[in-house]
């Protein structure tokens, strides 16, 4: 098992392409959970899904601790601009 | 970065409105992952989705440690009544 | 509250039945998040969903620490064969 | 009922798609309708049957005959859960007995629609107000079931008032339940607009697609019903017998009532099938909230994996033979 | 407009399904169309209206009359956001003023489709090129809104160039936005293939189902609009008044323009409804990206919970009465 | 093939919607069909083509001519993956060679349906049993591919028996694969009920909507194919050439076989298109499980981004010209 940082980023669905590009540029793999609704400081999201632009996604990146600062530096402006949540926690990855 | 508690609550989908009301009353923000299936002590859920009432949702709240007890106190009766899972773990939130 | 290990397994959707059988055989409960897309060493998954076979699922098991090794031993061959990610972290479960 | 009738029912597209779905699960094909397609199809069916029935109603109007039919329908929807509850209590705790009683007291819209497709294929007429009867039979059993469960809980608590109970919510779950609401609402829209320009424009969607959508939905029902078969072991002999016998008894009672109020062949068959059918959509949606202690792998499985296949495979031609004998062709 | 006309509009299936949706939320039924069904229905409606309009266009061809109509349409789509922005700035910050101005400068395809269903039910003719007019009116207001927002941001930054702004992206969001692209694309396909074999085969799907799909979509619109009603308090009196008054003003201006270029009754009504309607699909999708500072619970709520119901419930018959008075039956 | 024919194909709604989808991705519009709509549309198409073909079959019956066609179809479905495997081995490892061979040995139902829409638009007759031929050509190539991959793995392991291999599962993946099962099942239901009352009722759903659904599905195929274009660089010149040349060779072989067994113009064209087409639904679903080592961004991309567009844009009119030359109009 390898110690990793688990980064979970919740953002508006229209931001996903930008976020993906940014994370791919850093060379990370990732997973995306779709159709996440929620309530934040900017109101309720996803209650009415006429267009899909008002739902969130949750993107998960497992990366090494030393890669974390660069990732966060990239994600922060996006969060600042459109709102969202970014949680970091510790995890062990099963090697295979 | 700010240290937070990450609370994940898995419950039957029909319970969601009640859970939302309860969490909004405490003033928390949250995110909801939809269409979660599963197996628990009360059997398999979501294998056959004729109505949607037999799938679960997963609701995520990131809150401060001191807010945790009040949240758990509110959620526990719901879990007791209809089953489900509530996991609490540590996380750091990226400030923005 | 009870200390548990939280195991998250991201795998290709067609592997789900096999994974479920394996986890049920060990007697664990679990939850499944569907329609997870992602990028890994084996390329991008879920970008084009004509069949659903190229999306991932994320299966979550909360189990006791002593049950972890057996679970990992079972999951590892599947990960080796078809790729994926298995993260383990610490959590507290709310008793009810 | 002779073999030709039975075969004639078997060899219709809806039934064959149901069997195809059963087969898919049994041979372990990975065929499945992706979520939320099943729910979309069932919403469509409720919309379609409601709107079509409403339009028919607009053409025929409300007569005393119609009123009598609706009255008897409500009566049946109250009586069936009441008598079955006591039978079920012989073996089960109050929560499960109440949930199963509600399941069999209410109706299955898809069974009803399958029966109308059967009548259509055999060119037998039936009335639009039978849809209204169906709509009225969905909810009462839910209320009856919850009342029984509450009374038992109170008695168990020694007469002391248990945790405050939200009757408003029970009413909402019974009468404002998504599927009940859509059915009744579509019926009303159809009834109001049936004789006006504008309703015709919906027909290609509401009238012409329903047989095809029904076939696809039954494919999914077959897949799901077969998955549930494994749960039948848990249900036990008593409940398996219940799931076949009670529909037959209810069908007989329904036929008697149909005879008494003078229903025609087509309407009588539909009324019989309503009495015989058990709910696996509206009632579970309500029970999940109102009686969470009850075990869905009992009440859903019985309705879905036993009573539903029995009714559409054997019930419809059997009941038709009985209707022919008692009421005439 | 007399009561019969108003009632005639109310008693049509699309409107009644909208009211049914409103009722569902207000009585707290749990009825809802599961995601992504609403999006699927709206994609279908854009495809259908585009393709049908394109086929009509293929039959009628491009005349100077058509060109005049399209020119006036573009003019309206630029003028409306421009004048409303300044009204809105009286009370609002630039970002919100720009987003709301764009919302009212653009159009609502569903309002337009509801109006065509109204014309169909009343057997009033209208031209295929009105769909082209609609398509042309979707995007300009988005660009206008973003320009205003940018100018204000620049002024706030003291004329200093703020963070580099991606105008290509604004254009993409305005003109290549999923819903605009599908509408325009379907229109082109319809226009190209309208006179060729092969297009006929699509008609059962593209032409015959649309009234039914519209009814289901309006059911969902009702549910969603009623959910948004609570947000109206936050909007305040000024914006509530705006959401009713501005459509009326735009309708009047549209009617004048229709008169000037000599539109027929049907086309005039459609042009008026385009001017009066506000976007809650294409514009929010673009604003969310281009002006993220603007608050969707203002601009979406106004368009969805006020202007949309007002237009389809009262607006259509009201505008028709005005069209009859000014242009003739 | 002259320019008029090519243009006639290009200017049909299905092809134009495919091009619209390509364009959407290339201009970076955010248009997309939300998951699981593409899967729903493809399930519908399999259901529709199966059921319609089955009904045709019920009317025409099983003759020796039909049997000969089906026999040749199976032969082709075994021979093509066998010969292509050896060509592919020149450059590729066994797993990828086997997966690509299976891809080109199997067929694409959507290409077939597009060809039937082309025939319908040009009022050229074809037989229901061609659908049965298609159904029979889906699975054999999967088995052949897996056999080759297994033999190679065994040889690599020095003849020693590698990990126990579940042949039952391969059979299930090949023959009970969701899409194969639905196609065959619908074919059977159509064949059984084609001459009975009840099947007619499905026609508005099964027969009349398919052209429209196909258009929408091709829109999505265009979006997806264009996204895959970037992967072509990874595929390399050899595979790109393979993805165009092999279909042409297979088409020629298919045309020869069609001539030998005396197929009519319409049936011959369909048989040729079956031989020329490559699977991107059934085979990937099976390969993902049976040969997980193979790289989907090779086999899916080749079938989806090269062979599919080639076949529907240029192949259909080209093959038709060849059929006219060899078999007559």
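Chains here go by letter, A, B, C, D, E and F, matching the order in which they are written, and residues are numbered from 1 within each.
The rule is simple: contacts are C-beta pairs under 8 Å (C-beta built on N, C-alpha and C of every residue); 3 or more make two chains touch, one makes a residue touch a chain.
A quick note: this is a predicted structure, and the numbers were derived from the prediction, not measured.
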| item | value |
| --- | --- |
| Which of C-F and E-F has more C-beta pairs touching across its chains | E-F |
| Chain whose mean Cα position lies farthest from subunit A | D |
| Whole-Å separation of chain centres (CA-atom averages), subunit B against subunit D | 34 |
| Euclidean distance of C-alpha centroids - subunit C vs subunit D, Å | 38 |
| Whole-Å separation of chain centres (CA-atom averages), subunit B against subunit C | 19 |
| Junction residues of subunit C - those touching two or more other chains | 14, 33-35, 52, 89-90 |
| Subunit F, residues touching no fewer than two other chains | 30, 34-36, 39, 179, 204, 209, 285 |
| Partner subunit E, residues of subunit D touching it in the complex | 36, 39-40, 43, 47, 51, 172, 176-179, 181-182, 185-186, 188-189, 192-193, 196-199, 201-202, 204-206, 209, 285 |
| In the complex, subunit D residues that touch subunit F | 8, 11-14, 16-17, 20, 23-24, 27-35, 37, 117, 120-123, 204, 208-209, 211-213, 215-216 |
| For the subunit D and subunit B complex, residues of the former touching the latter | 35-36, 38-39, 42, 179, 220-221, 223-224, 227-228, 280-281, 284-285, 288-289, 292, 295-297, 300, 304 |
| Footprint of subunit F on subunit C - complex, ascending | 12, 14, 35, 42-44, 47-55, 81-82 |
| List of subunit C residues in touch with subunit A within their complex | 10, 33, 35-41, 46, 56, 58, 72, 75-76, 79-80, 84-90 |
